[in-house]
């Protein structure tokens, strides 16, 4: 009986949704206006400038800069690297995203412990430097299209694992990434939710991060974005640079193939 | 256009798959590898412990389906099993205070690793994240259907009347365990997973069904 | 000018007093003199005007406040204040329902337009004011309601 | 020391539009930390701008100005090649001065 009632209810709901449409539209316009007013003068620029200086500064026990770091396009090449990450790196034998690759470079070149940085709370010490570095490196690929390599078997494996992680429902609320990001044209509160199972468009979803978060006044890379997604999903705590975060990066990045990166963007 | 025989394709496919078996790289069991990855990637933090990664039958089946509908028999079995978990209110009263319900519906907190306690009193209903409810709140989500005029549209004028009973019980079951009526529902199982207690659920019931609630104006 | 000097000296005295009481760190002494603490502590629009020695403001079509209808997040709300009238001495930005109403004071010189944009925090939906204090003592305002919404997952 | 500001000064006609981003916490003094202790107020109180060394703007800010503040203003009678400098002082007495050339 419940099922029949529900079907009837659905029909009534469809009728009532037209009534609320006008109001929804004006809210959406208001939000668009707000975002347009913020776009001119994105504080992410402050982080980019800091990141560029950090990239070139000799630091750490080995007193070296990061300029010899190979982000996938050869040592020292920054432009275009971001839109091809995560990818497989032969020297570590791992698929790495931007943050985990920076941990490797920072450790091998500068002697700064990757494990210690990974264990540092977001926004403090070396993690604050990571925020600036990801802003700088992503900005260097601004306007370029995502084109993650899938030639290596490890890259293809991470895509498959990322897909399964994306749909993995668990926790007290039974949420998966897909609960919010598995369909187009849905919102949470007033925020549009990109469908991350495909390319949601230029500068949307995966192509909008790293971003300056207005709510906290901080710059978030994908690691931090995913960390807070999992917090809101009521999951346990994902390790910084853990396989699940990189696999999700591969899944979303491959799906976003052809999308233009606007990172670092500005977000609620 | 030259027509090709489907059997030819089958034969080629067979040869390829045999060759595949002979190759050194064995086929990967992605589902097992996923389980292993989840286990190695997460750790306890505050109240959010790794045992939360364990899936029950519904979560496991819906994860595996990746958004596709479940086979009919499986869907029916999952819904029946979840329906059995629904506990109707112990005192037979279904409705509480819609004003408290509205606050609960607005509240998106609870059960994250930054929350101090798993007690139901520290949890919100998260309702506006996904649903339109009261018309006054313009910041609402659209993951779930609009619940504006929920009771009114269903003809509920007296929630205590026998006529309203089926809707009242259906709504209670939906809040208690949404998978009782929709196996792969995205809605949290508030009663079943001890996210909200009976009194809190009654307040949400009142928000949806009390004729005096702003939802039904 | 007289009222302004008066306000400055009052806040300077207050700063000295607080410094004597050990409330203010020594470093704050230098700039406290040019900062009108009383105006920024004032709760209401009227109290801000009082602290600035200004008369009651009148609504005016010659002052413009720009702000979005809806703010996705109260932590950052873009607000602009401007006027094309000649003789604007100061432009203020106020948020009526903030714990302290005054957000910013801009001194207009002959070298700049009476046109400023910044971003403010808002604790809740509220009227946002642009107030122009004129050289002739008039005080004019424009206001606009900004709805601050709850966003994201809310957790 | 505080991180540098980003200053953009662009000429159009006889006016120069200046956009400034400042790296600052702008802590209100009303928020509590995880332990429930009030986080002390820390915010920019005064901002000054100069064109070729001459004062053009002064402003007073309260803690309600948003974190990592943005400021836009228009200078009259300025042109490409002119120098715009912006400085701020916060309630702790920390200060920062940066300069940009009008383009």
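For reference, chains read A, B, C and D in written order, and residue numbers begin at 1 within each chain.
To be clear about the criterion, a residue touches a chain if its C-beta (ideal position, glycine included) is under 8 Å from a C-beta of that chain, and two chains touch if they have at least 3 such contacts.
Small disclaimer: the values here were computed from a predicted structure and weren't measured.
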Remotest chain, chain D as reference, centres from CA atoms: B
Pair joined by more contacting C-beta pairs (A-C or A-D): A-C
Between chain C and chain A, distance of the C-alpha-averaged centres to the nearest whole Å: 37
Inter-chain centre distance, chain A versus chain D - centres from mean C-alpha coordinates, in Å: 30
Between chain B and chain D, centroid-to-centroid distance (C-alpha), Å: 48
Chain C and chain D: spacing of chain centres that average the CA atoms, whole Å: 16
In chain B, residues with contacts to at least two other chains: 112, 114, 126, 128-129, 138-139
Chain D residues counted as touching two or more neighbouring chains: 66-67, 70, 72
Touching two or more other chains - residue numbers and ranges from chain A: 27, 188-190, 217, 231-232
Chain A - residues contacting chain D, complex: 40-41, 43, 45-46, 49-50, 212, 217
Residues of chain B that touch chain C when the two form their complex: 106-110, 112, 114-115, 124, 126, 128-129, 138-139
Touch list for chain C against partner chain D, complex: 25-31, 34-36, 39-40, 75-78, 80, 95, 98-100, 102-107, 109-113, 115-121
Partner chain A, residues of chain C touching it in the complex: 68-73, 75-78, 119, 147, 149-155
In the complex, chain A residues that touch chain B: 1-3, 5-6, 9-10, 12-13, 16-17, 20, 23, 27, 153, 157, 160-161, 163-165, 167-176, 178-180, 182-183, 185-190, 193, 197, 230-232, 234-239, 242-245, 247
